[in-house]
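The block underneath contains the structure these notes are about, expressed in structure tokens.
Labels A, B, C and D are assigned to the chains in the order they are written; within every chain, residues are numbered from 1.
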Amino acid sequence: MSNYKEQLKHIHTLVFDYDGVFTDGVVYVTGDGRQPMRTSHVRDGFALQKAVKKGLTLAVITGGKNSAVIERMHQLGVKYVYTHVDDKEKTLKVLMKSLGINSENMLYMGDDLPDIPALELAGLRCCPADAVEEVKQRCHYISHCNGGHGAVRDVIEQVLKSQNLWMNEYSKDDME
Amino acid sequence: MSNYKEQLKHIHTLVFDYDGVFTDGVVYVTGDGRQPMRTSHVRDGFALQKAVKKGLTLAVITGGKNSAVIERMHQLGVKYVYTHVDDKEKTLKVLMKSLGINSENMLYMGDDLPDIPALELAGLRCCPADAVEEVKQRCHYISHCNGGHGAVRDVIEQVLKSQNLWMNEYSKDDME
Amino acid sequence: MSNYKEQLKHIHTLVFDYDGVFTDGVVYVTGDGRQPMRTSHVRDGFALQKAVKKGLTLAVITGGKNSAVIERMHQLGVKYVYTHVDDKEKTLKVLMKSLGINSENMLYMGDDLPDIPALELAGLRCCPADAVEEVKQRCHYISHCNGGHGAVRDVIEQVLKSQNLWMNEYSKDDME
Amino acid sequence: MSNYKEQLKHIHTLVFDYDGVFTDGVVYVTGDGRQPMRTSHVRDGFALQKAVKKGLTLAVITGGKNSAVIERMHQLGVKYVYTHVDDKEKTLKVLMKSLGINSENMLYMGDDLPDIPALELAGLRCCPADAVEEVKQRCHYISHCNGGHGAVRDVIEQVLKSQNLWMNEYSKDDME
């Protein structure tokens, strides 16, 4: 765990799965041919925007096909958004190569089996509290928050805090 | 329970009710004449797709009238989707006959009274943790997951694991 | 409580508030002028249909303004649906008079302050587990289910069971 | 805490953040360019209307951009609704000045970091049970209710009760 605290300081790229990480895994289906609706959490959104402002690189890789996810992630400043992805490992390898990202500087958060090969590329492997067992077994850090209920915020907050970039503009008090 | 573990190995057909099994039973009603919206879970969807790939036969029988359910189930590979069903027992008997399915090879998962007669046709009777009492009393296996929160995934995962078909492509590690 | 069990046998009219009783009180607001979306539960719907079939009289009285509520309640067989109601006591008194309903044959379920005067007209006063304190204090029966999570089903089931009208068509077994 | 009870009596202006206070922080995103959907709770709505009737001044200040929030808040009688706000402290200072509001007569409820500078302007600082740690540390009162699950109702009810304005029209009984 002290190792985990140390690793946080070297993270400058954060890669996330979408469903089950930004959401609780529920999709809402309608009967009129529209795309399923998905949830998103304002506190995760706030953390994403803060991370972008502080210079971190953010990516989302999902097997989902929802254009609203792309749109919302772009609005929040996430530069690299991949949807319709069958092989997350392959997509992540291409991204790492093109941006010159090393494993030890990369955090990955996922919740289910298709995340495992991509997760194993990251120096810091994280998952929500309600990830499946096989994912949990491979993670350095299991958030106390469920997917869609603060798991993304939790890891971004920890990375930024470890680098003294979290709470320095909201109060004159010294916040810790 | 050892009997239950043994039965899992012989299942090749899985039949599900929709509302209360794939969902928590909530439907979302709007005021503009559109069909009510229903939830669906990505982890259940992932398990369905995997089951289809591994050669299992999947069916959904629901009293509901939502065309989005049909569409989504078909997208995920569920071949037999019956909506508007008043008498689930009758529908299931016809399906069993036309496909030549024996009771001992069939699992049924339902949550409420209208499922009981169909449930009783199955060799392996399952329900979500939050099924009604009368259904629970008749089941061989009560999932630890609620409807809409992993109950479908739970039984598919157990069937595939019992047949060594679950976790063999996501990692080089021996997972068991 | 034995009194409560006795009273159940004489109920033939059930009157419900909508928000907080059929739902958890959440409404979903969109930005395009459409009516807010509301939840509904399939198990409550099943119980309503059963109650209608067995000859009970059902009414919904709500301050809400959602036409989808009217539509869905009518589909499920609820004959008397009043929306936009400011004074529930007055509406209920008119209904009782026109149908000749006596207090001792009427059950009312509500969850919040505006329900209190109407609730006090009923011989059997019920509320969901998460009703406000002032309502709970006035009830003969507080359901173990929250609003939107089975509270309606719970009271309908108890009325029908007390009159031996609940589980007589789903199985050859004696269910009691 | 006795201090808190005393302060309640002097509150005549209540200022709220929206996301995470009126809601659980979840927004629902669709894929067809429509505004994200947000939740709202009928019991909060009832309390808002009551507060307006009793002469309290209500304001909502949010960084969100949803026109449905404005519309619904206006319908419920909230006179001052500010959306798209980057700097809540600045907006609140302008409001306080233009209406001549003193700190000791003002309650603020928020849940996340961007609320802190505005929160610190209020004589009575409140937050939902699930506010972030940094906000909780600065509050006089932490509601036992989560955002979107009664937190707004809770503080309005307490203010009105402290001023003997809460339960005086729903029953002939003395409720206290």
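One rule holds for everything that comes next: a contact is a pair of C-beta atoms (placed from the backbone, for glycine too) under 8 Å apart; a residue touches a chain by one contact, two chains touch by 3 or more.
As the structure is a prediction and not an experimental result, all values here were calculated from the model.
Common neighbours of chain B and chain C, by the contact definition above: there are none. The greatest centre-to-centre gap from chain A, using C-alpha centroids, is found for C.
Both copies, chain C and chain D, contribute mostly unmatched positions to the interface they share, with under half of the numbers common to the two. The distance from the centre of chain B to the centre of chain D, with each centre set as the mean of the Cα atoms, comes to 44 Å. Rounded to whole angstrom, the centroid-to-centroid distance between chain A and chain B, based on C-alpha atoms, equals 31 Å.
Multi-chain contact residues, meaning those touching two or more other chains, occur in chain D at positions 28, 36-37.
Per the touch definition, chain D reaches chain A in the complex via residues 19-20, 25-32, 36-37, 64, 112-114, 116-117, 120, 132, 134.
Taken in their complex, chain B has these residues touching chain A: 28, 34-43, 46, 66-69, 71-72, 148, 167, 170-171, 175.
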